[in-house]
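The following pair of complexes shares a single chain, chain A, combined with chain B in the former and chain C in the latter.
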Partner chain A sequence: MNTVVADITYRAMLGRKRILLLVLLPLALIAVAGLLRLIGGSSEGTAVTLMKSFAVGTILPLLGLVAGTGVIAPEIEDGTIMHLLSKPISRPVIAFTKFVVAASLMALFAALPTFLAAYLLVQNESGIAYGFALGALFAGIAYAAVFLLLGVLTRHAVTIGVIYALIWEGLVGGYVPGARTFSIQQWAQSIADQVSSSAFFKADVSIGFAVPAIVVVTVAALLIAGQRLRSLSLTGEE
Partner chain B sequence: MTEHTAIIHDIGYRHYEGPRLGRGNAARALALHSLRGVFGLGRTTRAKIIPFLLAAIMMLPAVVSIAVMALAKQSGIGYPSYAVAMQAVLAIFLASQAPYLVAPDLRYRVLPLYLSRPVTVLDYVGAKLAAMTAALFLLLAVPLTVMYVGELLVDLPGPPHTRDYIASVVSALLVALLLASIGLALASFTPRRGLGVASVIAFYLFTSAVSGVFFAVLSANGHEIAARWALLINPIFLVDSVQVALFGTAPSTGEGYPAGPWSALILLAVIALALTALVSRYRKAASS
Partner chain C sequence: MTVTTVPTVATRPGVVQLSGVSRWYGNVVAVNDVTMTIGPGVTGLLGPNGAGKSTLLHIMAGFLAPSNGTATLGGQQIWRNHDIYRHIGLVPEREGVYGFLTGWQFVLSAARLHRLPNPDEAATRALDLVEMTHAKDRRVETYSKGMRQRVKVAAALVHDPHVLLLDEPFNGMDPRQRLHLMDLVRRMGAEGRTILFSSHILEEVERVAEQIEVMVAGRHAASGDYREIRRRMTDRPHIFRVRSSDDRRLAAALIADPSSGAVSLTDGGLEVQALDFGRFTRLLPRVARDAGVRLWQVSPTDEDLESVFSYLIQPRA
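Right, the complex of A and B next:
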């Protein structure tokens, strides 16, 4: 952890147009929850649908993509990462610092709004709000690490991340039950299911697999990202 | 007191004296170059992977459908629902390629170089829009046409679905125009490619998720009419509803859409809004 690097990364994330997406998406989530409440849909079933398909299924991967790749990919793209890499700071520390920034942004812009949206709909009923907020927090951290790794590995990080989130987690996960085992948003649902007692909601992946999987994926992604940063080549395509 | 001693020497550059093809040709050349670029032609091998991979995925249902027709003698996937079934792939293609068309020129501030030629801002935007629209149209129309040719060759009992095929090609053009104008407008607001990809895909995911959630909640609460309107938030369903209104095809969602000309009007309004945003963005970029 290097506070100067963290400071620079925070400024880059919060001072540009990137902040618009980071703020608009959670605001939209809360607005949708408010609208649903207005049209009289504030039942437990609605809250679970909203959390499953919208908060965890859509907003969370998107924010993970924006925060995870955003902390490092633009710097690699325009070459300014050179100035950072030429300082006597170990590369794994740089990767870890950027991960901490991304993870903290996920807690603020993904987990907190998820809680607010669920609370707005059903208050504390069946622990849905707490469950999904906790799930979004841990899955958000895993997304941040995985997408940070993608940002280090390839210039097409966002596109590949989108393909993972939409095709693998969305399309394939929708039809092939086995694919759900290896999907971060399903792990978020497992954690949510553990906390909440709602009858409308049953996770597909057991908590005994989901929690170790999140830990392993996060740590492995960070280690690989740190290693890759040690031998980063800037001779780019295009 | 300073004496002007500077001279411009004629060092023998040859001037171009051939025909000058003018504005139309310049715009066409730009459009063709952009269209090739969308599919990665004339770019590195790495830039070709994603567009061609997505184009191959778009072909899969057509191939499977022809196989089903040939082996099981049944009609496969319907033409009108092709775009709806493959909407995620279309959205990813748009998100990954629209920023390529607009971001580099904005980022390296080379717009004045284009505008120093006969090309105007409107020509430039028109060429980019035409390229993206043509690319998306090809992405949809090629599998549809392959499937139609396959259907004619297999010669199933009963008449061929010519009407459905024509309806689907027309609505493929509408889908392409709608997605291209929205995608380019969103992507042009940031010179960063990654952020452009994220904002275009965020738009698609957001609209499709909102329409899905509201549809589910409204129909569960007995507001059938409002639920049908909620479907139109998803741009692909919007075009599908226009297709239903124009050609009387079966709606791809299983539910109906709101009747009347409203969906067509909404479609036109959305396209007009996106194009206005795009052109005003470029007018600003050109004047700075």
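Right, the complex of A and C next:
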């Protein structure tokens, strides 16, 4: 962990247009929850549906994409990363620091609003708010690592990330039960299911698989990102 | 008994050594089998656009792996070796500056990333060196291109490196800023630092570099002092302009010697094509004295960097 790298990365994430996306998405989630409460739709079933399909199914991967790729991909694209890479700091340390920044943003802009939205609807009925917030936190960490890796590997990180989140997790996962096993949002639901006692949902992936999968994917993505950053080729204008 | 070993040139601190370096992208060869040693002093890396200068500089800076061959600094491998940056300062051609930071924050961050014992003092000194103290509290995105270039130089110098690599450093600077940076580069070279800068502007290289390395179409075309390079081009006659008390008589005397390929009488004096540089320069005063002619002016017309460079990039048909 390097505090200078973290400082520059936070400034880049929070001082630019990206903050709008980081703020607007969770605000939309809280606004929908508030609206449902106003019109009297704050039942446990509604809360679970909103958390599953909107909070964990839509907002979480999108925020993961913004935070995970945002901490590194634009710097590689415009060459500003040279300022960090041309210093006597181990490249895996740079990758890890950027991951910590992305993971902390996920905690702030994904897990916390998920808790607030669920709490707004049903307080802590059946542990739904705590369950989905915890699921969003762990899955947010995994998303941050995976999308950070994508940002190091390819200039098309956002496109590939959108394809993964929308097509693999959203579409294929909806029809092919086997695909759900390899879906970060399904792992988030497994954690939520473990914490919550709600009868309105049952996770498709066992907690025994989901937690180790989150750990393995996060660690592997970070290790690969660190190594790839060591071999990152940057060329000039020629 | 004490045994003292003398380090080879390549392992001396501050010496960048490329040995048989090639770099290709698919079927395109960007740099082809380049071997060169860059030591203390100012070296200009010269070549037309697309010659491979930037690729070579990025290999030396550890941002590109050679497809073949090795690049070392003081005997240490450069590629995948982050410790090497304790000794290297890099000024890339790309903007590469965080626009949302102030000049001070940018240079201070470089000092802190180098873990210098007194980063504030180092950043102040570096900004002062490039005359950017007055604008240090403005955000970099509000700077002109020349100011950004100078703040990048300050960040590259903040840790007082042995080696400074600059990719087209004078781009975007106004004439005064350019002269100031040229002076700074010359001074640092004179202090014993290894400075390599790439440029396609001959005048810049001529004014700053003691040594030139010329790249043409990915190959290392020439190395050394450009006047020496010119003298080694024995397949091209040297052209001299000579003014004397009697040009016609001198022309007749010179053409009799085989070292003169052609002599023409022009309004500005004689234009002599010397086939053998050494023989001609020894012969001319003697011939003039024997012919009773006084020499007023003898000046080579194609020994400037521009002529040397054009000969290198346009081989004789």
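Everything that follows uses one rule, which is that the second predicted complex is superposed on the first by the 234 of 238 C-alpha atoms of A that agree within 3 Å, B and C clash if a C-alpha of one lies under 4 Å from a C-alpha of the other, contacts with A are read in each partner's own complex, and residues count from 1 in each chain.
Note that contacts are C-beta pairs under 8 Å (C-beta built on N, C-alpha and C of every residue); 3 or more make two chains touch, one makes a residue touch a chain.
Treat the numbers as computed from the prediction; the structure is a model and nothing was measured.
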| item | value |
| --- | --- |
| Combined model on chain A where chain B meets chain C, clash or fit | fit |
| Chain B versus chain C as contact partner of A:N2, first or second or both or neither | second |
| Chain B versus chain C as contact partner of A:A95, first or second or both or neither | neither |
| Angle at the Cα centre of chain A, taken between the Cα centres of chain B and chain C once the superposition is applied, in steps of 10 degrees | 80 |
| First, second, both or neither for A:L105, with chain B first and chain C second | neither |
| Contacts of A:A157 with chain B and chain C, given as first, second, both or neither | first |
| Which partner reaches more residues of chain A (counting touched residues only), chain B or chain C | B |
| Where chain B and chain C come nearest after superposition, their Cα distance in Å | 12 |
| Residues on chain A lying within both footprints (that of chain B and that of chain C) | 237-238 |
| Residue ranges of chain C touching chain A (in the complex, touch as defined) | 49-50, 52-55, 57-58, 61-65, 80, 82-86, 88, 90, 92-98, 100-101, 106, 109-110, 112-115, 155, 167 |
| Contact footprint of chain C on chain A as seen in their complex | 2, 4-5, 7-8, 11-12, 15-16, 78-80, 82-91, 230-238 |
| Of all residues in chain A, those that touch chain B in their complex | 17-18, 21, 25, 28, 32, 35-36, 39-41, 45-46, 49-50, 53-54, 57-58, 62, 65-66, 69-70, 73-74, 77, 155-159, 162-163, 166-167, 170-171, 237-238 |
| Footprint of chain A on chain B - complex, ascending | 43-44, 46-47, 50, 88-89, 91-92, 95-96, 104, 189-190, 192-195, 197-199, 201-202, 205-206, 209-210, 212-214, 216-218, 220-221, 223, 226 |
